[in-house]
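Below you'll find a set of structures to go through.
Consider the two complexes below, in which subunit A is the common component and subunit B and subunit C are the respective partners.
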Partner chain A sequence: MTIQFHKETFRGEYSFHNSERAIKRFPFPFDKDSYMYAVNMEQHRGGPADSVYEKRFDVDEHYVSEMEDRALVLADDPLRCQSLPHMTLAGWDLLELIMVSKSEDYPELFELHRDGDQWRWVNKPLGIDDTFTFMDETTLPYGPMEYITRQTQGDFCVLDQRDDNLWMDAGTVTTQADWSLDFDIGMNFFEWHAPVPLAHEKGIFVRALKFLLNIQQGAPARRLNWTMTVNPLLDTSPENYHKWGIQKTTLTPENIGSKQHLRVELQTFFRLPRSNALVFPIRCYLCSFDDLMTVPKWGRRLHRVIRDLPVELATYKGFIDNRPMMLDYLSKFDDGQPTSLGIWPDLETEPPLKVVRSS
Partner chain B sequence: MSGAEKIAVRVTEVAPLNELVTRFRFEPVSGGLLPTFSGGAHTVVEMRDGDITRLNPYSLMSDPFDRSAYTISVRRDDEGRGGSKFMHTNVSVGDEMVISNPVNLFSLDLRATKHLMIAGGIGITPFLAQIKQLDRAHGNWELHYACRSEALGSYVDYLTTTHPNDVNIYYDDQSQAIDLDTLLDGQPLGTHIYVCGPKGMIDWVRAKAAEIGWPREAVHYEEFLAPQPGKPFEVKLAVSNKVIQVGEQESLLEAIERAGVDAPYLCRGGACGQCETDVVQAEGEIIHRDHWLEDSEKAGDAKIMPCVSRFEGKVLVLDR
Partner chain C sequence: MSKFEFPPSIKSRPVWGTLEPRAGKHHLMIADAAGAEAILGIATPELMAGTHIIYIPRGADHADALRAQNPAQFYEGPTYAASVSRIRRVLQDASMGLQVYLTGTEGLMGQAMHEAMQAGIPHTAIQTEHRGSVARRMQCVHCKGITEDVETDPFVCSHCGLNLFVRDHYSRRLAAYQGVCIDAEDPGNVPEPKGIYE
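Moving on, here comes the complex of A and B:
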């Protein structure tokens, strides 16, 4: 299916919007009517046609505009992209992984022509046609990681693996859920996860690290994570909290359906062959409450999940103050009927919403 | 399925180097390219030996950037259970085999200002790939390689010819030994040590480095243990509700697989930790042989690494 790239913004007037197709393929993160942290990893080897799982690096209607937003963030704050000196080889690994994957998965959009170390990369949506020497940084306008991540949706953490741990030693992070690469650079897995509540006590991170250290070449993995964002902001960084934090107070019962967005991260993990590093792409998808409610199953489930979420998690995810208003809105879409298991919308099989009496 | 991804390959060269070591070259059956890898990686080679499937890890020694073929070198172990003997006597040019995608448990630390490599015998193989990787990146390295004799010095000629200033050879039968005190004392700040060879050599280097104050993180080592034969024993697998017999010449992991139970693994040599299994009940002695479990865990007998460890006694029940 041809992708119609939107011309839209994630700031200012917030003209970001999802098409009907984008809503149907939104990675709704709850597979049942409740949520708790888990090491919910699975293999990343395709998925249903047109789902965000289908390709190794999903390209959607927001691609061109997201890349414009990234360029704006990097122009304001170059420290959003950093690579410690020993990570350049991993950057080349990542460039190769993305170029090979995209040119194979989207041949109508991307082309890679290789003649030994002489590579030609064609990115039609962004109007790029560059020829360079693989492994020679002087032939690219940026370092290899920055070059390719300016052309790929999602944040990228490139993790060095040593001493039975992972180290945040490189990355491009402009669409993050309130964490800072500049703060975390050089930290290990336990250090950068230190602020997360409840999961340490459950031993989640020890098990997750063990899993990640064992991810092998050719066997990538994935999981979903989520939070809430008021207005379709990609850049919810600590650096800019003074700009976006205040927007959480602008919610009203009238505007919550269009302003409140469920923010979902498709997190994938690939072993990089030359460096033995691990790349951790974190792809952000946004969907407004109004759009989510067009799927009856998701309306029922989101209400139940948000209602029953432990206070610690609602606080950590930054919406504890707005939770009562969210529940007022969401309860109108929960008629008490059971929901099918799994994350998919199941539009053909799930019953439409019965009229809910307001209490 | 357990283990790394599999690749179907054809043997395109069998090159005896000396009376103990033979080199094998694998090219993909598909005619395409093999995955690139990082220096220090190994592959697990599947050997169909009659009714037995052996899976042995071997370090990749070829240029990590050469995707046309992988090479490994196998040292014949006449005391072992037969994997290396199978490679030496049953594998010839043209054979099709299955190997795993590369897995690296002995990676270079790319932060190092200098890579100091210490090899013993067949332990030279991962360094051959690491040297090719470092040469391409103009890395700073130095190799100290101990062999039993000139006749058994695999790749000595190649190394001394291509890198006369960086390679130092020591022959046991000429009473040449690495002067470890001097070597470890004179290294620039930021040097990392890599050691691959017999257990005695690894222990010696690690102990000496610790004694003179090297950071633990700057000392890297790899030793794959071959599973040792032992007395047959019986095991109950609690989850799959099976009772299996482990033969004298097979490992516990192989016996579990033979019973049709899918058990996780990667290195099959007691190093990676992937096959760690909970012990439900043990009346007898677990013979722990791995490098993975802490001594306290071994003493508690609550876990076992079935790739290399065995059991002697009355009852062993595993959570598998």
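Moving on, here comes the complex of A and C:
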């Protein structure tokens, strides 16, 4: 299917919008009517046709505009992309992984021509046609990690593996759910997750680390994570929190359906061949409440999940103050009918919304 | 001489230990203010014969007591910033098996630990003991400026002037805790500052 790339913004007037196709393929993160932290890893080996799981690095209608937003963030704050000196080899590994994957998965959009170490990379959506020498940084306009992540949706954390731990030693992070690469760079797995409530006590991170340390080349894994964002703002960074935090207070019962977005991260994990580093792409998908409610199953389920979420999690995810208004809105889409298991919309099999009695 | 018991916290927050003399030919002890007391607590003539002490009094009067232990080398610096080039020079010459002891405020230990790590010494091999002020070295996540010796929560960033709350999230690389704007969602609504552990 040909992708029609949107011309849209994730700031200012916020012209971002999802097509009907994008809504149907939105990675709704709740597989049942309640939520608690879990390791919830699975193999990243494709998925249903046209789902966000199908390709190794999903390219969608927001690609070109997301890359423009990333360029704006990096121009404003170059510290969002950093690589400690020992991570350059991993950067080349990552460049290769993405170029090979995208040229194989989207041959109509990307081409990679290799003749020994002379590589030609063609990125048609962004109008790039570069020839360079693989492993020679002087032949690229940026370091290898920065070069390729300026052309790939999602944040990228490149993790060094040593001492039975993973170390956040490089990354490009411009669409983050309120954490700072500049502050966390150099930390180990437990340290950069330190502020997360409840999950340490549940042993989540010990088990997750054990799983991640054992990921093998050619056998990537994935999981979903989520939070809430007012307005389709990609750059919800702590660096700029003093500027965007106020937007959380602009919700009203009239605008919540269009302004409040469910923010979902498709997290994937790939072992890199030369460096033995692990790359951890965190791809952000946004969908407004109004658009989510066009899927009856998701309307019912989102209401139940948000209603029953522990206070610590609603606080950590930053929407505890807005939760009552969210529930007023969402309850209108929950008629009490049961929901099918799994994350998929199941539009053909799930019943339409019955009229909900006014509360 | 009572030591402050830090409350349990998150996993990025450093946990300080108690100094003990270790076997080795060369010892580097870096201390500020009340940290001198921790050195005096483990000083023996044998240990001091192989020890280089770098001490920043910050108004405390322990320098003479340290000097009286006859360390192999003794340096008294007016500030950490004035001492750091010397610390780097000493670490540059560090031989395998150099024992590093850091004691005093968190800011001193954190910054000296960063220098030792840059010199290739794993942080887990460095001994520490907190003494004296519980003030923190804070980085403003917004402007990146560091404010030294923060005693209250919230506090005002000494660089950009934002009102910041004091997190326990800590970066060894920056030797600083993270400060985040406290009134972003309600400008001007800043709680009365309290002591960090009050």
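By definition in this document, the second predicted complex is superposed on the first by the 359 of 359 C-alpha atoms of A that agree within 3 Å, B and C clash if a C-alpha of one lies under 4 Å from a C-alpha of the other, contacts with A are read in each partner's own complex, and residues count from 1 in each chain.
Following the convention adopted for this analysis, a residue touches a chain if its C-beta (ideal position, glycine included) is under 8 Å from a C-beta of that chain, and two chains touch if they have at least 3 such contacts.
Worth saying up front: this structure is predicted, and the values here are computed from it rather than measured.
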item: Touched partner set for A:Glu191, first subunit B, second subunit C, both or neither; value: second
item: First, second, both or neither for A:Ser180, with subunit B first and subunit C second; value: second
item: Touching partner for A:Thr9 - first (subunit B), second (subunit C), both, neither; value: neither
item: Partner chain(s) touched by A:Thr294 [first = subunit B, second = subunit C, both, neither]; value: neither
item: Touching partner for A:Ser101 - first (subunit B), second (subunit C), both, neither; value: neither
item: Which partner, subunit B or subunit C, touches more subunit A residues; value: C
item: Common ground on subunit A, meaning residues reached by subunit C in one complex and by subunit B in the other; value: none
item: Complex contacts: residues of subunit A adjacent to subunit C; value: 79, 180, 182-187, 190-195, 200, 238-246, 248-249, 321
item: Complex contact set, residues of subunit C against subunit A; value: 10-13, 139, 141-142, 144, 162, 167-169, 171-174, 178, 180-181, 184-187
item: Residues of subunit B touching subunit A in the complex; value: 4-5, 35-38, 40-41, 64-65, 101-104, 107, 109-111, 133, 136-137, 217, 266, 272-274
item: Sites on subunit A touched by subunit B in the complex; value: 85-87, 89, 135, 160-163, 210, 214, 216-219, 273-276
